[in-house]
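You will see two complexes here that share chain A, one where it goes with chain B and one where it goes with chain C.
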Partner chain A sequence: MSDPRTLLLKRGPLLLVALLLCALPFYLDAFWLRIGLFSMAAAIGAVGLGLLSGTAGQLSLGHAFFLAVGAYGYVWLAGEPGPGLPPAVALVLAVLLAGAAGGLFSPVAGRVKGIYLGVATLALVFLGHHVLLTADSVTGGFNGRSVPPLELGGFTFAESDPELTVLGVPFGAEERLWYLGLVLFAVTWFTARGLLRGRPGRALVALRDSETAASVMGVHVARYRSAAFVVSSMYAGLAGALLALSFRRVVPDYFSLALSVDYLAMIVIGGLGSVAGATAGAVFVTALPLLMTRYADQLPLVATPGSGGGSIGPTEASRYLYGAAIVLILLFAPDGLHGLARRTRARLSRRPSVTGPHGSGPSPAPERAGSDAASDTPARAKEHTP
Partner chain B sequence: MSTPAAPAAAPPPLDVRGVTVRFAGLLALDDVSFTVAPGTVHAVIGPNGAGKSTCFNVLSGLYRPSAGTVRLGAAELTRLAPHRIAALGVARTFQNIVTTQGTVADNLMLGRHALSHAGFAASALRLPRALREQRAHLAKAREIAELIGLGAHFDSPVALLSYGDRKRVELARALCLEPRVLLLDEPVAGMNAAERTRMTGVIEEIRAELGLSVVLVEHDMGLVMRLADEVTVLDFGRAIAHGTPDEVRRDPEVLRAYLGTAGAGEDAA
Partner chain C sequence: MTGFLDSLLNGLALGSVYALIALGFVTIFKASGVLSFTHGSLLLLGGYLVAVLHDDIGFAGALAVAVLVTAAVAGALDRLVLQRVGGTDPHAAHVQTIVTIGVDIVLVTDLARRIGGDLLPLGDPWGSAVTDLGPVTVADSRVAAILVSAVAIGGAFALFRFTPWGLSLRAAAEDREAAALMGVRLTRVRTAAWCLAGALAALAAVFLVAFPAPGLERTTGQIALKAFPAAILGGMTSPVGALVGSMLIGLTEAFVAGYQSDLHVLGEGFGDVAPYAVMVLVLLVRPAGLFAAKGAARV
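Let's look at the complex of A and B:
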C-alpha cells in the first residue's frame, strides 16, 4: 500500500494541481487572480457548509451570518475603531469568534433537525444584517468599513511595503493574497478531509442517515450536531475574513440571504458530502458571474454594463445560467460535479481493465468493489434457490 | 490499543423490572419483568404487536418507560441516553435494516465509535494519535467482518449487498461495539432458508466464542427453540409466560395467545 510508487500515483495529481496553482500569479493578470481569490474564499466557506448540510444533513440558511462575523470580526479586531490587534492575531480570533457565534447557537443547532434548522437559521441572517446596519461604531453602518491589510512578520499583503518583484513579476496585493488564499485553502482541504475520513465524519454521516442507529452505536446526537455547526461556522468565519481581505471593504448588503443561498447552490452543484465537490461548486458559482460580466459584450442577448438597453444585464444573465446549471445538474447528475467526475473516472478506468493487459495496473479498491458486486449476483442467485 | 477485554469477563445480569410503556392511552408494555442471566440467550416472543420491539427500544434507551427499571449490573439503563447505554456495552440490531451510507468498513467503524476517542480537533489535524487509533480499530473491524463472513465485502458499498449480507452487516456493526449484551431484533426475518441456517450458525458461534448475553426477538420458532436458554412470551404488552423453550411450548396460556388453539411449538416443529 505505502510503497513510494503507489503513493506518488495517488498524490501525483494533487501535487501537480498545487504546483500549477502556485505558478498562476506569474501568468495571470489581476482580474483573473481576483476571481481565483474569491473562488478560494468561497471554497473555504462551501467546505464548511458541506460539512454541515452535506455530511451531517443539517440545512443552514445562516451561512452568510457567520461569513459576516468572520469578515467584520477581522476588520474590527485589526482596525480603528477597535482594539487594533496585529492583523494575524485578528484573523485567528475572527475564526474563533465565528466558532463562538456558532456555539452560542448550538442549543438550537444541537436539537433542531434538518430542514427545521434551516428555518431557525434564517433568523440569524436578518438579525445579522440589522446589526451590521445599526451598530455604526463597530461595523461602519450602511457604508461599511475598509479592511486593514494582513501583516505577517513585517510582510504586508498589499500593494507595497515591502516592494516585491519575483522573477520580473511585480507582486501586488492580488499576487500576495493569492498565496495567502492558497495556504488557507490547503489548511481547509487538509482538515476537512481529515474530519470526514475520521471518527467525527462517520458519526455525522450516521446522524444524517439514521439518528436512531447513530445514537445506539454511541454517538452523542446533540453534541455532534452542535459540533458540526460550530466547525461549519469556523470555516465560514475564515472564508469571511479572506473575502474581506480580497474586497478591501466590507459592506452589510453583501451578507444577505442571497449569499447563504449561493453557498447552498455551491454545495448542491458540487455534490453533497465531499470536499472536492464543494470546491468545484464554489469555483463555478463564484467565477461564473464575474466572467459573464467581463465578457458580456461577446454574449448574445446580454447588454454591456451601464448601457441599460432592453436586454438582460450580465448579472441577471449569469443568475439565469447558474439557475439552469442547477436544474441540469439535479436532473442529470443528482450527486453533483463530484459524482459526475467519479463516474467518468470509473468508466475510464474500467475500459482498459476489460480489454487489455493494463488490468493489473492502477485500478484499486473502488473499481474492484464494483466488479465484485456484478460478478457476485449469479453466485447469490444460486443461494436463493434452496 | 483500546481493546478492553470486555467479552471475556462474564457480563452482568440484565434485569428488567415492572417496565410499563404507555403511548397516549395505549398500553404497549404492562408491568413486564424478566432477567437475562449472564451469558445466556434469552428470547422474547409473541404475536405481532405484543410489544417486543417496544421492549427493545426501552432496553436500548430509545424509549423511556413510564414506570419500571432496567438494570445492567449496577447501572440503571432507564435513566441513560442511548449513547451512554451503548458505552456500557449494550449493542443492538434493528428489525428493518438500518445501515448508513458508505462501505461495510464505514459501518463497522461506526460500531467502534464508543470505543475510540479521536475528536474533531485530533481528526482535523490528523494527529498521529488519531491515525494510529483509526488503524487499530480498522484492523479490529476487519477481524469481526471475517468472523461474520463479510471479509470479502469489507470495502464494498453496503447498498450493493444482498439483503442477507446487509442483515449481517448490522450484526457485525453491533459486535464491533464489543458488547456485553447483544440485542437482536428479528435477525433472520425475510431471509431464505439457506441464509437462516447460516445466520443461526453465526449467532451460535458468537455466543460460544464471546460469552455475551443475547436478547433475541424472533418469529422463527425453529431458531428460538434451537438457540434460546430461556423464553419470555409477550401478549398485548404483558408477559404471559417464562421458562425454557420446552416449558413455554407446552404452556396453555401461550397456546391460546398464538391463534387460540394451534400451538407455537408445533407450528415450527
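Let's look at the complex of A and C:
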C-alpha cells in the first residue's frame, strides 16, 4: 500500500469517477442534473437499506417512513412554523431524528426477524402516512410544506444569494445542490464501506447466516439488529432531507408504500449487501421513469403522458420494467448488477470466475428450508462483502 | 346501542373477509415459508375478472371463472417462478418473498392500467339491499360475506384436517426434511397451497368491493395488506390464529371507524390504519404473534 504507484492504480478509477462527477454540472442542463440529484439521494437511502436488508438480512418495507422523518424533520426544524433553526443544524438534527425514530422502533426491530420485520415495518409506512396527513401544524397536511433552502456560512443552495458564475456557467440551485449531494453521497459511501468491512459488518453477516452460531460467537443479537436498523434509518433520514431540498416541496403522498418498494427494488437490482450495487440500483430505479417520461414520444410502445385510453404511459412502462427486473435478476443473477459486473470483469481479465463461497462468517449447515425446492440450478455463492 | 351492534356486524363481516386473505397467507407460509406480497394483485385480478365477465356469463359464472383463474395464476407463479428461485440457499424463502414483490409490481401495474380511474361494479346479486335484524339494519352483502366466508373457511379447515394433501401440508410445515423423506411431494403440496390461497383471495375480492364499498378500483389490492397484521397476530403458522387475528383486526377497524367522533384526537380516517397500530402493539409484547408455537433453536 505504501507504494504510490500501486495506490494510484487502486484508487485511480475512483478518483477518475469523482473528477468526472465534479465536472458534470459544467456540461449538463438542469434536467440531467436533477436526475443525478435524485439518484444521489436515492443512492444514500439505498445504501442504508442495503446495510439492513442485504447485510443484516432484515427485510424492511418501512424505509419510506424514515425518509419522511428526515424530510419533514428538516423542513419543520428549519422552517416556519417550527423552531426556525439554521438549516445546516436542522439537517444534522433531521438525520439524528430519523435515527431516533429507528431507535424507538427497536424493541420490535431487535426481536422480530427476517420477513416478519418486513410486515411489521409496513405498519410504520401506513401509520406515518396517517400522521403526515393529520398533523397539520407540523407537516402542512395533504398539501405538504415548502422546503427552506439550505444555507451554509452565508452561502445558499438556491437560485441566488450570492449570485455565482463559475467558468462562465451560472450556478443555479441544481448545480449547487449537485455538489452538496456529491459530498453527502461521498460521506455515505465511505462510512458505509467502513462499517461493512469492519467488525459491525462481519457481525451482521454472521447474524444473517446463522443467528444461533453468531450469538454463540459472542454477537449480541438484539443489539446488532437494532443498531443496523438505527443506522439504516439515519441514512434514510439523510436521503429524505436531500430529496426534500431537491423537490423544494414535501407532500405526504410521496412517502407511500410504493416508495419503500422502490428502495427494495434498488438494492435487489443492484445486488444485496454491496454499496456499489445499491448505488447502481438507485440510479437505475430513479432515472428510468424520468427518462421514460422525457423520451416517451421517441420510444416504441410507450404513449406520452395524458394520452389515456388504456395505453402504456411512461410511469407504467418503467414500473413493468423494474418489476420484471426484480424477478429476472433473482431468477438468473441473484447477486444483481454488482455480481454481473464482477463476473464480467473476471471473464475479461481471463481469470476463472470467482464462484466459491466467500468466507463470511460461519457457513450454515444445509438447512431444511429450500431443500425441497426441486431446482436444477446449482447453489450460487452470494457476494457477502461490499 | 345500535351504533355498537352496527360496528360489531361490520367488524365481523370485515374480519371474515380478512380471514379469507389471511388464511391464504398462512397456508402459503406453512407450505413454503414465503410471505406472499402478491396477494394484493391476486385479489385485484379476481375482482377484475368478475367485473369484466359478469355481463356475459352472469355473476356466478364470472365468480367461478375468477376463482379458477386466480388459483391457476397463483399456482403457476409458484411452480414456474418461485420454485426456481434461490436454489438450495437456506434463505431461499426470503429471496422468494422479494420475488413476490416484483411480481406484484408487474401485475398491479397492468391491472391498474386496465382499470384506470374507473369504479367497476361486480354485478353481485346483493346489490344495495338491506335487511332489518331487530334494531339494526344490515347490508345483505355483509351477511353474505360472513356466511360465504364461514363456508369457505370451514371447507379450507376440512381440507387441512381430512385430506391427504392437508396431512402433507401439516407434515411439511412441521418438518420439511422429514416430510420429504416420508414421501411427501413438497413441490406439489406448495403449489396446491398457492392455488388455494389464490382462490380464497379471488373470493375475498368480491366481498371487499361489494356494497357499501363503491366498486373495484385500482387501489383495492392494497386492502390485502391489512390481512398481513391479521396473519402476523395469529403467528403466521396457525390457521386458527389467523382467524382470531382477522376478527380482531376487523372489529378494531370497524369500532374505530364507528366511534370516530369520540376518537378525533387520532385524526380522521384512523380506522384505515388501526390494524397496523394493533399489530405493532402486539408485536411489542409478543414478537412471535399470539398463537405461534415457541420454537427452540437447534444447531
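By definition in this document, the second predicted complex is superposed on the first by the 346 of 386 C-alpha atoms of A that agree within 3 Å, B and C clash if a C-alpha of one lies under 4 Å from a C-alpha of the other, contacts with A are read in each partner's own complex, and residues count from 1 in each chain.
The definition used in the following text is that contacts are C-beta pairs under 8 Å (C-beta built on N, C-alpha and C of every residue); 3 or more make two chains touch, one makes a residue touch a chain.
Note that the structure is a prediction, hence the values are computed from the model and not measured.
Enquirer: As a test of reading the superposition: which chain, chain B or chain C, is in touch with more residues of chain A?
Expert: Here the partner covering more residues of chain A is C.
Enquirer: According to the stated criteria, A:331 is in contact with first (chain B), second (chain C), both, or neither; which is it?
Expert: second
Enquirer: Would you sort A:47 into first (chain B), second (chain C), both or neither based on which partner it touches?
Expert: It touches nothing on chain B or chain C.
Enquirer: With both complexes overlaid on chain A, does A:201 touch chain B (first), chain C (second), both or neither?
Expert: The answer is first: A:201 touches chain B but not chain C.
Enquirer: Applying the touch criterion given at the start, work out whether A:192 contacts chain B, chain C, both or neither, answering first, second, both or neither.
Expert: First partner only, chain B.
Enquirer: Let me test your reading of the model: by the given contact rule, A:227 touches which partner, first (chain B), second (chain C), both or neither?
Expert: Touch status of A:227: first partner only.
Enquirer: If you stack the two complexes on chain A, which partner ends up touching A:266: first (chain B), second (chain C), both, or neither?
Expert: neither
Enquirer: Applying the document's definition of touch, where does A:69 land relative to chain B and chain C: first, second, both, or neither?
Expert: Touch partners of A:69: none, neither chain B nor chain C.
Enquirer: One more residue to check, A:214. First (chain B), second (chain C), both or neither?
Expert: Touch partner of A:214: chain B, not chain C.
Enquirer: Can you give me the overlap between the chain B contact set and the chain C contact set on chain A?
Expert: In chain A, positions 208, 212-213, 216, 366, 368-369, 372-373, 380 sit in both the chain B and chain C interfaces.
Enquirer: Residue numbers of chain A touching chain C in their complex, please.
Expert: For chain A paired with chain C, touching residues are 57, 59, 107-108, 111-112, 114-116, 118-120, 122-123, 126-127, 129-131, 133-135, 208, 211-213, 216, 257, 261, 264-265, 268, 308, 310, 312-313, 316, 319-320, 322-327, 330-331, 334, 364, 366-375, 377-380, 382.
Enquirer: In the complex, go through chain C and note every residue touching chain A.
Expert: It is residues 33, 35, 81, 83-95, 97-99, 101-106, 109-110, 112-114, 116, 172, 175-177, 180, 186-187, 190, 222, 225, 228-229, 232, 236, 266-270, 272-273, 276-277, 279-280, 283-284, 287, 297-299 of chain C that touch chain A.
Enquirer: Spell out the residues on chain A that touch chain B in their complex, using ranges where they run on.
Expert: Residues 190-192, 194-195, 197-203, 205-206, 208-210, 212-221, 227, 231, 365-366, 368-369, 372-373, 380, 383-384, 386 of chain A touch chain B in their complex.
Enquirer: Inside the complex, what are the residues of chain B that reach chain A?
Expert: Answer in residue numbers: 60-62, 81-83, 85-87, 91-92, 94, 98-103, 106, 109-111, 113-114, 116-120, 122-126, 130, 133-134, 152-153, 155-157, 160-162, 164, 173, 177, 192-195.
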